[in-house]
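In order of appearance the chains are A, B and C, and numbering begins at 1 in each one.
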Amino acid sequence: MEGTGKKNNVSYARWGYIFIFPFFAAFLIFQLIPLVSTIYYSFFEYYRSGLKVIGPNPVGLANYKAIFESDFLKYMGNTIILWLLGFVPQIFFSLLLAAWFTDLRLRIHGKQFFKVVIYMPNLIMASAFAMLFFALFSDNGPVNSFLISAGILDHPFRFLSTVWGARGLVALMNFLMWFGNTTILLMAAVMGINPALFEAAELDGCSHLQIFFKITLPMIRPILIYVLITSMLGGLQMFDVPQILTNGKGSPDRTVTTIIMYLNNHLYSKNYGMAGAVSVVLFIICAVLCIGVYFSMNGDDSLVRSRRKKRGGA
Amino acid sequence: MRKSIKSLASLALAGILALSMVGCGGGAESTGSKDSTGEAGKVLNIWCWNDEFQSRFNDYYPEVKEVAEDKSTTTLNDGTVVKWTINPNEGNNYQDKLDEALLNQESADANDKIDIFLIEADYALKYVDSDYTMDVTELGLTADDMANQYQYTKDIVTDSNGAIKGTTWQATPGLFAYRRSIAKDVLGTDDPAKVQEALADWDKFDDVAEKAHEKGYKMLSGYDDSYRTFSNNVKAPWVDDTTVVVDDNIMEWVEQTKEYTEKGYNNKTSLWDDGWTKDQGPEGKVFGFFYSTWGINFTLLANSLETPEEEGGKLEVGNGIYGDYAVCEGPQPYYWGGTWICGAAGTDDADLVKDIMLKLTCDEEIAKQITLDTQDYTNNIPAMEAIAADPDYGSDFLGGQNHIALFAEAAKKIDMSNAGPFDQGCNEEMQKAFKDYYDGVVDEKGAKANFETAIKEKYPELTEVKWDD
Amino acid sequence: MKESNERSGLGFTIFVHVVLIFLAFLCLFFFYILLINSTRNHAMIQKGFSFIPGKSFMINLKNVLADANIPVVSGIKNSLIVSGCSAALATYFSAMTAYGIYAYDFKMKKPAFIFIMLILSMPTQVSALGFVQLVTKMNMINTLWPLFLPSIAAPAVFYFMYSYMQSSLPLELVEAARMDGCGEFRTFNRIVLPIMKPAMAVQAIFSFVTSWNTYFIPALVISQNKKKTLPILIASLRSADFLKFDMGKVYMLITIAIVPIIIVYLILSRYIVDGVTLGGVKE
């Protein structure tokens, strides 16, 4: 509210609306109607039996009741485990690499090359990537023959037939596909930091670690929170990697079935009622976490300009 | 230097973006061109998921005048334009789009209405048991016209009222393809008749499995190898009203497969995975494979070679295990694969649909020609028996055996009167759920529970699963 | 003091290189086997893995190019159009939206921000089919428009732009521009966007890649062969009938599909890799 004294600020408000208009227009046109109908039909019995459309018959909260009577919590647990398994190494390596790449004192040979290469797995289509994973980790694939010839195993480890083998592969594939992405985001953030800050710190004789924790981390905080939130949402809505890697089975024993895979099972019969209800439940969980994490980490005043001003003036 | 690279790069980028933008504009213009075929003549819309039927149609339908260069249309002698809509299967995409189109069939423009669409056996009854497919007799096809087709190919597309709602040009009876060298070692003979005798029912099959195991071989490669032989011989359809009833024969498969897995009679592979494929090749130590028509002279043959044909390998004894396979009927008749043609309700050209069905699926000469040209086993009993009776016809790959003769015998024994609209989901989920059981991740109870959960997710209308124990 | 720093630095530098080489190996390894598989014959691929190239590269290439039902050239063109437009629209309009919320004070500012974060949390799996019905009603089925126009509203890209502005765009700059008499759009296009270049490049790459590899929605919207994007064509090869099913062809097409995207990536990555620093922020 500061600065209302300047009279031209009042007229600038109009520009705020103008700048955000295209986004909201596109959202209203392309996404709102499907989203609203998703929520609406979650209160109906509405699916197809073969080609016959059953419903929509209003059923109140029956779909929601059915969700909590199902193994929803198990799938929720699977999803969180799969996400953490991939996310923890991902954020660790990404921070490490981003720090290394942007550390001017660290002389890395072929730095450009490494920077370019780490993102490349993301260029491969997930389905193609999964095909390669199958070949690599199959019972008589190269990974198993390596482990056997190295004397680590005496018979093939059947990766996709064991709970932690399958979960591990999903996490590994997610890690490989996304760590470069995260590193790039963090690097872009670090490069946005005023180089004068690093120069000053170096002149003061700060170590790598000190610079990293005292300057880099606090300065890239908004992007770090961004990475955390988008990765969390991406993790909770994880679908394609476990879906493809387990041939849509979520096996063994449904321990690799994520929430969206569960939702997808309902779409086989175009069960908009159940699928809608799963979406709404997942949406509420995601929204609470997303908004909660955002405001708890940024403080409630993050949208107010005064803080920026202070920093800029310092 | 670096600077010039950079500017070059941004120039190229600008180029790509410009191209994209131009493309955006281009996308808009071409939307209007849809009706250009408008008055010129009738349009026949055919929907399918790959180009298999398209190539049969273009090559063998007598009325074909010319095929467009991009194959998107085929023009017939009377000026009718056949428009091909091919949507890939992946992610259920074909059925998703077909369903939407059929549900909107009534309101669609005459030239956009689907006239013919293709279906697979596993989900055939979903369409057959609906009002969106036409009774072939209504189209004008008589029982006489179809008299030469194998009965099971008609069973699969017969709806609950007994009406036949589709027809196919191919039959896909299955056999058991075994390794001659292994049979000699285990049974002392590689003669198909004697091997068949040794494998004539499941008890005998199990005995051979034990003997093979003693000699260091595996009877089968994976868990699902024998599934179809069991699931094609059930006593009742999967679903009775709203209850899934798991047939005894399916549970026999569970029992047999668990036993084979525990005793080491199989290699724990799954259909189409690399272990399964490898087992069919020179390094394989597996007694045999259940395979149908297309599988033997294409898939199995290709897998048996040491050096592939495309890379200079010869199709002759000595290249891998070429010539070491032979076929016999195995313990129970079954089929695997196949594509059916359906006339869509609301078609504006029933006569043409009928003629296509008549020529491609009922004509003895065309059927025989397709088989001789492509080795596709066709759905015409006299045509196939003529080839079966030909003493000169034999397959070098099978050591000179005339496999058509065996197919012709097997095809007549298949009984698919128990096919139902839920087959695809039930069969898939059954194999999925029990794979965990064979792998030792869950016990039998756990596998059953997982099957029930999966079925109720897929088919909300099914309320109960009954296990016959 | 400095000496010891250098020495501990050597061991550390070697460690850094070992880690980097290992990760780079993991990343490139998959391209290697992809390439190897495109040189191998169907039956060979089915039998498992090999490190040694096969002899079928030209055969696979010929088979893919000769298949009239798989129009590779128009597939590449369509994919370029869709991905290029998606990337351009998503980055530009997200930056614009982020700037609107970051730089201006208006009543709906906070609700608008929270609303976008809510959209970000919404699972889109179910609404996909609703989206397709909508597109049908808008008469845009079998056109490329619905594949990139929705990118104008890309909540994740918006949020990134917003976070980036928080850490790298001082509002003094904007105010200074205003004092020089710059109009609002001019300020955005001429002053803000250049500062956002690294962020724009990053998000352009991500949007481009995501869109390049998307199958589900495009497959539902597009049926005409000439409008199909590369992932649909790859899926088509994978649904071939048993007689024609050819993994050699599939891998070849995957390899072909990866070439343009690598080129685009290498071009765009220069903005990140070369270490674009922000000329404007020097105080």
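Here, contacts are C-beta pairs under 8 Å (C-beta built on N, C-alpha and C of every residue); 3 or more make two chains touch, one makes a residue touch a chain.
Being a predicted model, the structure only gives us computed values, none of them experimental.
Peer 1: Using the touch rule from the top, work out which pair, A-B or B-C, shares more C-beta pairs.
Peer 2: B-C
Peer 1: Compare the CA centroid of chain A with every other chain's and tell me the farthest one.
Peer 2: Between chain A and the rest, the longest centre separation is with B.
Peer 1: Once you find the CA centre of chain A and the CA centre of chain C, what distance in Å lies between them?
Peer 2: 15
Peer 1: Express in whole angstrom the distance between the two chain centres, defined as the mean CA positions of chain A and chain B.
Peer 2: That pair's centroid distance is 38 Å.
Peer 1: Could you please state the distance in Å, as a whole number, between where the Cα atoms of chain B are centred and where those of chain C are centred?
Peer 2: Roughly 36 Å, centre to centre.
Peer 1: Specify, in ascending order, the residues of chain A that touch 2 or more different other chains.
Peer 2: Where chain A meets two or more other chains at a single residue, that happens at 135, 138, 140-141, 270.
Peer 1: Considering chain C alone, which of its residues make contact with at least two other chains?
Peer 2: 48-49, 129, 133, 215, 266, 274
Peer 1: So which bits of chain B are touching at least two other chains?
Peer 2: In chain B, residues 274-275, 278 touch at least two other chains, as defined above.
Peer 1: Please name which positions on chain A make contact with chain B in the complex.
Peer 2: 47-54, 70-71, 134-135, 138-141, 158, 161-163, 249, 251-254, 262, 265-266, 268-271, 274
Peer 1: Quick one: which bits of chain B touch chain A in the complex? Just the residue numbers, please.
Peer 2: 92, 99, 102-103, 125-127, 129-130, 132, 268-269, 273-275, 278, 421, 425, 432, 435-436, 439, 441-442, 446, 450, 453-454, 457-461
Peer 1: Mind pulling up the chain B residues that touch chain C in the complex?
Peer 2: Residues in contact with chain C: 2, 5-6, 9-10, 12-13, 16-17, 19-21, 23-24, 26-28, 30-31, 34, 49-52, 54, 69-72, 85-91, 93-94, 96-97, 100, 104, 272, 274-275, 277-278, 281, 294-295, 298-299, 302-303, 305, 308, 310-312, 337, 339, 374, 376.
Peer 1: Please name which positions on chain A make contact with chain C in the complex.
Peer 2: 1, 3, 9, 12-20, 22-27, 30-31, 33-35, 37-38, 93, 96-97, 100, 105-109, 112-129, 132, 135-136, 138, 140-142, 176, 179-181, 184-185, 187-189, 191-196, 219-223, 225-226, 229-230, 233, 237, 239, 260, 263-264, 267, 270, 272, 275-276, 278-279, 282-283, 286-287, 289-291, 294, 302-303, 305, 308-309, 312
Peer 1: Where on chain C does chain A make contact in their complex?
Peer 2: 9, 12-13, 16-17, 19-20, 23-24, 26-28, 30-31, 33-34, 37, 48-49, 51, 93-94, 96-97, 99-101, 103-110, 112-114, 116-123, 125-131, 133-134, 146, 149-153, 156, 158-160, 163-164, 166-168, 170-172, 184, 188, 198-199, 201-202, 205-206, 209, 213, 215, 231, 234, 254, 257-258, 261-262, 265-266, 269, 272-278, 281-283
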